[in-house]
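Okay, got some structures for you below.
Both complexes shown next keep chain A, but they swap its partner, so chain B is in the first and chain C is in the second.
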Partner chain A sequence: MTALLELKNLKTYFKRKKTVIPAVDGVDLVINKGETVALVGESGSGKSITSLSIMKLIPSPPGEIVDGQIHFEGRDLVKLSEEEMCKIRGNDISMIFQEPMTSLNPVLTIGEQIIEVLTYHQGLNQSAAKLKAIEMLELVGFSRAKEIINDYPHRLSGGMRQRVMIAMAMSCNPKLLIADEPTTALDVTIQAQILDLMKDLSKRFDTSILIITHDLGVVSEVADRVVVMYAGQVVEEALVEDLFENPLHPYTNGLMGSIPSIDEDHSRLVSIEGNVPSPENLPSGCRFAPRCPNAFDRCFSELPELSRKFGNRSVRCFLHDGKEGQR
Partner chain B sequence: MISINEAEKASLEKKSSESLLELIDVKKHFPIKSGFLQKTVGHIKAVDGINLKVNRGETLGIVGESGCGKSTVGRTVIRLYEPTDGKIIFNGKDISHLSESDLRKDVRKNIQMIFQDPFASLNPRKTLRSIIREPLDTHHLLRGKERDEKVENLLEKVGLNASFINRYPHEFSGGQRQRIGIARALALNPELIIADEAVSALDVSIQAQIINLMEDLQEEFGLTYIFISHDLSVVRHISDRVGVMYLGKMMELASKKELYTEPLHPYTQALLSAVPVPRKKGSMAVKRERVILKGELPSPANPPKGCVFHTRCPAAFDLCKQVNPDFKEVKNNHFVACHLYT
Partner chain C sequence: MANPNLAGNTSGSLDVHGINTSRDTMLGIMARKFFKNKLAVFGGVFLIVIITAAILAPVIAPYSPSKQNLLLKLQPPNSEHWLGTDRFGRDVFSRLLYGARISLLVGFASVLGSITIGTFLGAVAGYVGGIVDAMIMRFVDVILSIPSIFLLITLVTIFKPGVDKLILIFALLGWTTTARLVRGEFLSLRTREFVLASKTIGTKTMTIIFSHILPNAMGPIIVSATLAVGYVILAESGLSYLGLGIQPPHASWGNMLQDAQNFTILLKSWWYPLAPGLMILMTVICFNFVGDGLRDALDPKINE
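== the complex of A and B ==
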């Protein structure tokens, strides 16, 4: 498999007066062609900032990509001008957001919004764009696409709006789709419809997906590979089966224990003590050490590297340092 | 061993025979007003005929998708809403149409609520001391030093440091604020606590902490919970019995074991199959056949005739379009509203 997108040591910092907030602090990430990668973490872990950095949509100031590279098809997006980025956004990389209510324009019809994308990026004329828009809406499962196209967003339910967003994002046949919590605002039965649709589309068009979520259930449903983030850094990366079979990092382990199972009864949940550290005030050493049940002296003084283990997985933890060899 | 089992059984039977709260055909309809004169042009049938018993010391989970009326049930029980029809019997007394002052006298003390949004449910201008002591003051219970001791005691019970007493809510994280909300709910030693999406706004690691705390407190104070949530896994974890709502009606109610292993109603089956399951190590889970429901929830202002679920039901037949099925006990303590089981 060839890498479509590769992040190398990406650092996105936010500067506020005298303090610097390292929201994303040295993230390495690879997305191969046709692959679905899930970025998992709790609020404040930097997962959304990572995705916005890829699109170069970080509000600047105060945000800035201070270091690192974003390689996309042989080009480094960090170095591109805003003009060149505009050609990549929508065409090559597109994005869907968590809140379908706020990401559609309430005063334009659904049709106008999809047609705008097509005329701008693909250079289609109005009538061709309209036909294509109807086709896209049918593709995402609207049976009355010809009528929906004249409706305004407020007439649609949350699930339908999210499908419109997907239609819009897929209309230029992007190589990479970034989905930031695409189903978090939806009910489970609607979530199942949307996840199904995303899986189907990625297979059909060979689109790579970067899905950002905090829901491990969703991860196991759609992803091939998982990247777990904590406090701005990647702490573990593995194939989805491996991760659920045998989580290596104590944080990943804690996350799994925190989720009540729908199939089994547990007497008590294993919770992670304490809270996520605030990014202005990160602990020295391993960032998870203050909450880690297995922490020892070294963890509090030294930051472990994200090191590659056998079977294509990486983990940032001294417990697994040197063990299992680097093949 | 046997004697312990028998004692356990006896206590269980005693537990289940005493019901703390009973809802009889409770309805809550909200008028839709329109036009210059604000005439009532229709009704949103948020809750439309719910029958329910909550036993002392148990946790009853209520699940359903948004707009199914689960929160309205909670708010009607605590009498933030007056029911349109039906009876709410709490501790043997009909509280459905009590006046505000009568409610305050002996009902409100015994039913408390924990809300979803820990950021919106605490007054940002008050210290923890005044937030937590407010229920004590309203009911003229404790004064002076005793009252402060009680507040400190409550803070420690919910896992916060008693020295936080003079701090303001903005100084705390979401999980800590939810603990403050729980301390406030506990201040009056209530019998029943209604938790409306109490852990939904929290990150998973924090969510687990709060669920564990709620379970510990239940054991310590003999609390009864009504746990309202859209998260089926959380509800399974915390509840003894679970009710499934759809469009203002209770579709199925059973012990959690039966509901999750042998769901009878087609809606429950679809709902359970739609939950994405993390493939955990050593999980005995059989992969469920996924039933993807077509379409969306109909509007509660204009619910379908007959069974409210028939428009999306994969098993619907002619009768379902005509007649609304009764909510009946089809197995021991397993209630379901579906024509397939009549």
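== the complex of A and C ==
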């Protein structure tokens, strides 16, 4: 497999008056062609900032990509001008969001919004773009696409709007679709529909997907590979089967442990003790050390490296130090 | 999906107003809300009548607005002069019609100008933020800190008063409140998710500002425009009343009032000042009614 997108040591910092907040602190990430990668982590772990950095839509000031590279099809996106990025956004890389209720413009019809993407990137004229928009809406499962196209977003339900968003995002056959918690705001039956739709379309168009979520159920359903983030850094990376079978990092372990199970009878839900450290004063050693049940002295003084383990796994933890190259 | 209850309710009320549409378009809902407000409808009808009369003034007016007939001065309303005559024997009704042309023209044209300037600067300030925002808004503060009526009087005395100059002055002084309003709208709209979504499809900044965010801010802008038209008509009348607005023999509602400010006229020929006075009053009130109605109709938070 060839890499479509490769992040190398990406650092996105937010600068406030005197403090610097390292929201994304040295992230390495590879997405291969046709692959679905899940980016998992708690709120505030830097997942969304990573995805916005790829689109180069970090609000600036105060945000800034201070270091690292984003290789996309042989080009480094960090170095591209805003104008060149506009051509990539929506055409090569597109994005869908968590809140389908607010991510469509309430005063423009569904058709107008999809047609805009098509006329801008594909150079289609109005009538050709309209035909293509109807085709896309049918593709995402609207049987009344010809009527929906003249409707305003307020007439559609959340699931329908998310499908419109997917139709819009997929209309230019992007090579990469970034989905930022696409199912969080939807109820469970609709979640499954949306995930199936995304899987189906990615196969059909050979689109890679970067799905950002904190729902491990979603991960197991769609992802080929999982990247776990904690406090702005990648702590573990593995194929989805490996990760669920044998999580290496104590944080991943904790995430797995906090999934409520119907078989066991807990009076309280299991959770990881403590909170994500505030990015302004990160612990000096391993960032997870203060919450880690297995932490020892070294964890509090040194920051472990993300090191390659057996197979295709990487983990950032001293517990697995010295086991390199094991198979 | 359309809420079936909503659809049920609307078909009934739609028939009442003769709007034949089965779908709830944004405009349909707004029109329905507007038509439910009786005062707004009354204001709208009145304004349409006035505007039509002003446009058709040369056809409707029974006399030339400046034709004097000193033998027939200060006649009370009669079958030949429906609203009587003024102190030069000119037909008050004809002058009222031609006055409406000037007053409404000054009102609409200057508000069009001030809304355009205000919307553009406010939108840029609100969306771009930072130093651009600070500079535009401090400029607004400077203009707002000058008492407008004195500035108006000064400007009008420097430049010879005329319709074009009045429009220009009102437009150049009136945009500040619109700019503030639009900036406020943009500050809250630019953080909405659909703006980020349209960035992710590669939309350029200017397109985002003017074709994605601006339509969302149209409600408050339209309302402030209608209210501003009323204000400008009043201000123009005020200036003309002071003799600094439209110069005789051209008729405007303001200078007709000025012409009538004479104790004997006020005492004996009460119909003469009454006509332009009433027109100013009614027009301004009706613009306010329509503005109120539009505000309610355009605000999605106010239910039908």
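Convention: the second predicted complex is superposed on the first by the 315 of 327 C-alpha atoms of A that agree within 3 Å, B and C clash if a C-alpha of one lies under 4 Å from a C-alpha of the other, contacts with A are read in each partner's own complex, and residues count from 1 in each chain.
Assume a contact is a pair of C-beta atoms (placed from the backbone, for glycine too) under 8 Å apart; a residue touches a chain by one contact, two chains touch by 3 or more.
These numbers were taken from a predicted model, which means no experiment stands behind them.
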When chain B and chain C are modelled together on chain A, clash or fit: fit
Chain A: partner with more touched residues, chain B or chain C: B
First (chain B), second (chain C), both or neither touched by A:46: neither
Partner chain(s) touched by A:22 [first = chain B, second = chain C, both, neither]: neither
Chain B versus chain C as contact partner of A:256, first or second or both or neither: first
Which superposed partner A:189 touches (first chain B, second chain C, both, neither): first
Centroid geometry (CA): angle chain B/chain A/chain C, rounded to a multiple of 10 degrees: 80
First, second, both or neither for A:87, with chain B first and chain C second: second
Touched partner set for A:157, first chain B, second chain C, both or neither: both
Chain B versus chain C as contact partner of A:108, first or second or both or neither: second
Contacts of A:214 with chain B and chain C, given as first, second, both or neither: first
Which of chain B and chain C A:55 touches, first, second, both or neither: second
After fitting on chain A: smallest Cα gap, chain B-chain C, Å: 5
Chain B/chain C common contact set on chain A: 157, 160
Contact footprint of chain A on chain B as seen in their complex: 65-66, 173, 175-176, 203-209, 211-212, 215, 230, 232-234, 236-238, 257, 260, 270-281, 283-286, 290, 292-293, 296-297
Chain C-facing residues of chain A, complex: 55, 57, 61, 85-91, 94-95, 97, 99, 102-108, 116-117, 120-121, 152, 155-157, 160, 165, 168-169
Partner chain B, residues of chain A touching it in the complex: 42-43, 157, 159-160, 187-193, 195-196, 214-221, 240-241, 244-246, 254-266, 268-273, 275-276
Complex contacts: residues of chain C adjacent to chain A: 1-2, 24-26, 130, 192-194, 196-204, 212, 215-216, 218
